[in-house]
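Read from first to last, the chains carry the letters A, B, C and D; within each, the first residue is number 1.
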Amino acid sequence: MNILSLFVLVPLLMMLGLWAARTLSQVRGVMVAGSSVLLLLAIWLVVDYLGLRAGGATEEMLFTDSVMWYAPLHICYAVGVDGISVVMLLLSAIIVFTGTFASWKLKPLTKEYFLWFTLLSTGVFGFFISVDLFTMFMFYEVALIPMYLLIGVWGSGRKEYAAMKLTLMLMGGSAFLLIGILGIYYGAGAQTMNVLEIARLHIPEEMQRIFFPAVFVGFGVLGALFPFHTWSPDGHASAPTAVSMLHAGVLMKLGGYGCFRVAMYLMPEGLAMWGDVFLVLTTISVVYGAFSAVVQTDLKYINAYSSVSHCGLVLFALLMMTRTSCTGAVLQMLSHGLMTALFFALIGMIYGRTHTRDVRQLSGLMKIMPFLAVGYVLAGLANLGLPGLSGFVAEMTVFVGSFEHTDLFHRACTIIATTSIVITAVYILRVVGKILYGTCHNPEHLKLTDATWDERVAVICLVVCVAGLGLAPWWVSDAVSASVEPIVSQLSVFN
Amino acid sequence: MNNYMSAVLSLHAELSLIVVLVVVFLADLFRSRPGGRGLRVLVCALMLVQVLLNLSPDTRELFGGMYVNTPFTSVVKSILSAGTLLVFLQSGEWTRRPDTAIREGEFYVITLSTLLGMFFMLSAGHFLIFYVGLEMASIPMACLVAMDKKRRQSAEAGAKFILSSMFSSALLLYGLSLLYGTTGTLYFADLPDVLQSGGLERLALVLFIAGMGFKMSLVPFHLWTADVYQGAPTGVTAYLSVISKGAAAVALAVVVRFVFPALTDDWSVVLALLSVVTITLGNLMAVLQHDMKRFMAFSSISQAGYIVLGVLAGSPAGMASLAFYVAIYVVANVAVFAVISTVEQHGGGRTDREAFNGLYATNPRLTLVMTLALFSLGGIPPFAGFFSKFFIFAAAFEAGWHLVVFLALLNTIISLYYYLLVVKAMYISTPAEGSAFGSPIHSSRGVRLCLALCTLGVCVLGVLSCFYENLFQWADMLPW
Amino acid sequence: MEYTILILLLPVLSFLVLALAGMKMSHRVAGLIGTLSLCAVTVVSYLTAYAYFAMPRQADGTFAQLMPYNFEWLPFTDALHIDMGILLDPISVMMLVVISTVSFMVHIYSFGYMKGERGFQRYYAFLSLFTFSMLGLVVATNIFQMYVFWELVGVSSYLLIGFYYTKPEAIAASKKAFIVTRFADLGFLIGILIYGYYMGTFTFDPAQEDLMQGALMLPWALGLMFVGGAGKSAMFPLHIWLPDAMEGPTPVSALIHAATMVVAGVYQVARLFPLYIAYAPETLHIVAYVGAFTAFYAASVACVQSDIKRVLAFSTISQIGFMMVALGVCTGMPSHEGGLGYMASMFHLFTHAMFKALLFLGAGCIIHAVHSNEMSAMGGLRKYMPVTHITFLIACLAISGIPPFSGFFSKDEILTACFAFSPVMGWVMTVIAGMTAFYMFRLYYGIFWGTENKALHAAHTPHESPLTMTFPLMVLAAVTCVAGFIPFGHFVTGDGLSYDIHLDSTVALTSCVVAVVAIALATFIYVRDRQPVADALARRFPRLHEAAYRRFYMDEAWLFVTKRIIFRMVSTPLAWFDRHVVDGFMNFLAWATNASAEEVQPMQSGRIQAYTVWFLCGIIVLTLLLML
Amino acid sequence: MEIHVISYLILSTVMMFAGIYGFFTRRNLLAILISVELMLNATNINFAVFNRYLFPGVLEGHFFTLFGIAISAAETAVAIAIMINVYRNVRNIQTDDINEMKG
């Protein structure tokens, strides 16, 4: 049995276990066991992958496997991973693991919550392992739909509005996506749905011109591409903690991953035509998100907008089409996933205690809940790109890589994008100064307690990952850039 | 003699159905006390047998080509009878009610006779058979719709149905007469050779499509649908929404594809237009509805629009995905109606959406089934609906209808919106004051079995590829 | 010299230990860990310095560049990658000595100063972190490693300024410091990007052909990098963060905002000096003018401040201006042909670090004694705290450029270099030197002489600080006294060749005279209890006095930019646009769907004839469609 | 004398549209039913005429007519039954009173 298929199988087994579970402790047991298994699997996969590469495996994808599913449409259950998907799998496993602990005390309907949560993660894992357009799309939608119930039932604030908006906008994206996928399939001569094989075929240019924007926008909606990002603030603000973590941490990465693996890889000529348009859009979302975050008063809104900015940077880097920038994009996905998950976890924990996320009503938390506060500071520093934490590595790779682009327009965009790091500092320090420092004015808050053990597990795990990536980036960077190579060379032919 | 026997045996689908019909009729005649479970068990068992019986591996012609039975049509027939079986299973609650208990047998007999009509319509090789089948399918349907004698709405629905169906069939017949006038034959086999693309033929084509569009309730021939669905007994509505619609769709596909090849451009344009309009209008209207049955009526209208995409493709892939779509649509829709009728029977006849508020708190299983079915209708993976939608889109896309497919896709967002409204009501909304379910509903065995089967179908029909692949082969084998 | 790795390892280890386990420790243990590790670092740095300068010079008479460590940390492309390593050359070794010495002194001093403070362990952890980052900065083997540690010193300074995180001023100050420097670092980053793109490397010595090709862009790259340097070194107009940074604990001000971090900009320019000289002389002159103006501006502001730490802060800015000028006026590498400024600047950096740290630590003792930063609370303290008084006086004399104290020698070299560049520049800087002497002695008299604030002192008698605090003062004072006689030119010069310092008598004389006059003036005005002249002047030019006291409204300008421009004029409208236009469009789509649905609803009139009419209309439309 | 096929067709068309017109305008269900019968008979005439004039020999059209008559008879029976049921419930059979369900 292919190891990759385990990534889908284990969550399904977890769902069965949850279905069978009767007591709360059983539910938790199933979740912890399952998510730890997934985490170990992911780590093992990474080690194994690096080992094979070091052993001289030169195929574009490893652990490949393909089973014919729907012969008439050449739909296979085809899996395979390269450096990019491996790190994404690792990221997802980490966040599912920590998310489990972050929603340890969630009430009510804990069992159902974890059922949908696991279904969501099934979709995520499935998406990252599959190389078949159809299965990719299928898992993509599997990952989307549970959001509705997760936000609608367990969310807070205007949850019903937010859930509906998020679901419909993302589904709108996937409508574009589906038409694009059909376009790719029939454009490539309707012989295969396998991405790697289609990449070797050639899609007629006029079709690429039509279907590239469809696919790019389709994934871009999930990647918070301006102006299709507005689901993100409301959605994240209303979602329960772990869901925000998983959604901002992993789901938004599906967008970038898909744009790279499907839109750009398969339709380079379309990219050549549309690249500049989307580059402008992404540049806008990088700066725009940062500026919008400055004036928000809800912690989650601030984070949502900063996610818009950072995920915008991912797409931005991809559109730069140099090997380094694309590597940077993947690193950025990884780092943003980790640190934004950390952020949302901490915000959720603070909210769970103070019952408010309004920065104007919080102050002096450093004295009251030092652990969470320090974690928040660390997350903030990572977010504003402090060396030694993940953000710096990713952003620098992106900027250096983007600046490698010979075209002056691209470099101008790069310089514009770099300004976002200053604005990031502004809003991060604003929040830190407002809510953590100073003296606490609200007598209610003085009674609050610091993190419990389950919360500590989640936070520490994430902090360690953020710092680990920030201190020892070279192995990730090497693995990724090796896998980015073939795609970028494919692009460079036409650009 | 042997040849004659085998020829007759190739009618086995219809024959077996007639046998079932007669047996049920007699059983109903001679049964001791009404309201027992025996009759339903009997009919369900017989239908089960019938479903398995009428699968036929090869193509047979009968009566000089007036009747043609192909593997494809026969599998479609099995799908239809399976659907009917599901309807029968879930109609138990309703037929047990004292005012309907005496008419239980009639319900089965009439339903089966409409089914028989559809069978003939499906394997017609001549417009006469086709027309007879059509009418056999629609006249008894009016009786079914008006079954609840005491309910005013039921009577009203019946009147609307019979009159508008007579109107449409009159026009259809007029179209056929024009066709006959221009070609001189009504054999499917002969028509393609003699049919030119003249004005009268076009008119005939439009009239024919309108007639079928009435059965499938395509916009603008759909207006009877909502009222009839709302008025009819819920079990009948389920039957109406899935079985007759599906049969009409397949029949339409067969006829336009094999009888009007000369007019392909014309009918494809017409159907493309109809499908887009139907999907959009159905969705828009569904957004406004509060009564669940009316809501499902409009949802089924938009579903009909998607089905037409399969006809539009005009290819084996199109036929296959069409049949596949119908099968999965049957399963999902019957499940939804089963839940609706259960809630109706136990909730004091309420069918508005508010009746479902907070259903999850008391009836998790029921709600889960409903959710899965709705997701399937909305085309959410990994449920079957996703696959059927994908295949039907692929087929239409392959035929080059890119824009149509795109518009249909955009419409899926709207449809998802109103399906989610129901989900929201069940999971998120708090139950209104005096809502009928403080306690879990105890639905009858039949309903539970039906729900179980439907859920199974919704979950596995998509994931198991063999079903679609066989359909594809059979669609490829179609004659003419 | 593999042991140099210890210079980086020890502080980072003590940081980790203190950060992770510090809260469990007692104050004493935590402080000892920090101090001892720093002690070791100091020893190792001295060892390094000794070993390095004891090495035989190369054939061309320069000291060899050593790179004991250099490994690839983050690969970008084949050519571009961030390396982490240790680079030893005269200036970096010199910086090692300066940083470790001052830092060690501050560690000892803090024992007394921070006694019993809440978060004592945190304080030492941050100190170690800062020391680590600063050392990493100076031994950087490439521009990007410099940037990495550049950011790290920025954040550790942010943490230390905001050490009293319950004080609103401290929070605001730390935020301001970080954001302003961050803004400047943006320039640095873009400079690095351009540099990397055209030079094809991040190291300080690109390949010749790349230099040839990129020569056109190099001035821009260096200029942008200098923006970063100006931010860290508080050059006008990016200096605004430094005075506020005095909100931090005084030892921190001594370490970061006087001796080490703020000279990072100078160090950066010095590090890239060969490139400046060869390819961007005009950029170098810009550096000079910026430095000169800053020096003048800061000096004039310092003359009227009443908060002693602010006075010192502005004098720091002014002195860094001197260093910048010294670098800027260079026209060549060799010390005899216009390269003198380089040596002078480094020399002044060295001496200034010592006496400015001394001044701040002294100020710390005073503040510790009277619990206030305001001069009004002081006066006549000389009899209460003699050690502080003497050491402070030595420092004042040094900074004013009175022989034989160290300041005199370094400043004299700077002035010589300036005169060599242009007489105007020379005279300007001489005047500024005079102003320096004036405001320093104004400060001195204000603290130790003048009217004693009896009421306050009666309430709480000022006392000499404990030995832990006075000891560093004595050490630094001693260094200040002797440092001038170090043959600095033998170690650090522009071209690396040995150069023995000889005093240019005229320049020395003028500067001495100016300094003496200024001191005399200050004595005349401020030594007595009443200060009629000063008040008269203040009354005579109220506008000017007010402006200078408000630092010429630079902070108001800063507030205007942040609050009005960024917050009100950009972000708020953008957020509104996002909510109401972009998001509004999405909501509009939903609304439009409902509206159109209600439009088509009447079709469903419930009347069967209407239905059949629609039916027929459909047929007619389709027929027409086909017929036409 | 020979009546030309066109005149039959004119007749049938007139009947057809008369029926449609009647269907649209009558307010009474029975009247509507009668109008539908007109339409059906128009088609029957068509079939008969086409067979008789254009395609003599085979009897497809005639058979179709017969079936059409039979089926329309059945439809009428059911329709009238339902109308009686409507009358039971509503107490009249005006179309204005059977539009309870709408929207």
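Operating definition for what follows: a residue touches a chain if its C-beta (ideal position, glycine included) is under 8 Å from a C-beta of that chain, and two chains touch if they have at least 3 such contacts.
It should be emphasised that the depicted structure is a prediction, and the values quoted were computed from it without experimental measurement.
Traced through touching neighbours, the fewest hops from chain A to chain D number 2. Ranking C-D and A-B by contacting C-beta pairs places A-B first. Distance from the chain C centre to the chain D centre is 98 Å, each centre being the mean of its Cα atoms. Taking the mean of the C-alpha atoms as each chain's centre, chain A and chain B sit 42 Å apart. Inter-chain spacing, taken between the CA centroids of chain B and chain C, is 79 Å. In terms of their C-alpha centroids, the spacing between chain B and chain D amounts to 27 Å. Shared contact sites, meaning residues of chain A that touch two or more other chains, fall at 168.
In chain C, the positions touching at least two other chains are 601, 604, 606, 608, 612. Those residues of chain B in touch with two or more other chains are numbered 159-160, 163, 167, 171, 226-227, 288.
The set of touching chain pairs reads A-B, A-C, B-C, B-D, C-D, using the touch definition from the header.
Those residues of chain B that touch chain D in the complex are listed here as 127-128, 131-132, 135, 139-140, 142-143, 146, 149-153, 155-160, 162-163, 166-167, 169-171, 173-174, 176-178, 180-181, 184-186, 226-227, 230-231, 288, 294. Here chain A touches chain C in the complex through residues 165, 168-169, 226-227, 229-231, 233-234, 288, 291-292, 294-296, 323-324, 364, 366-367, 381, 384-388, 392-393, 396-397, 399-401, 403-404, 411, 414-415, 418-419, 421-423, 425-426, 429-430, 433, 436-439, 473-474, 477-478, 481, going by the rule given at the top. By the touch rule above, chain C contacts chain A in their complex via residues 72-77, 80, 82, 144, 148-149, 151-152, 155, 162, 165-166, 168, 171-172, 174-175, 178-179, 182-183, 186, 189-190, 193-194, 196-197, 562, 566-567, 570-572, 574-575, 578, 582-583, 585-586, 590. Interface of chain A with chain B (complex): residues 69-73, 75, 134, 138-139, 141-142, 145, 148-149, 152-153, 159-160, 164, 167-168, 171-172, 175-176, 178-179, 182-183, 185-186, 190. Within the complex formed with chain A, the residues of chain B that make contact are 317, 320, 375, 380-382, 386, 390-391, 393-394, 397-398, 402, 405-406, 409-410, 412-413, 416-417, 420, 423-424, 427-428, 465, 468-469, 472.
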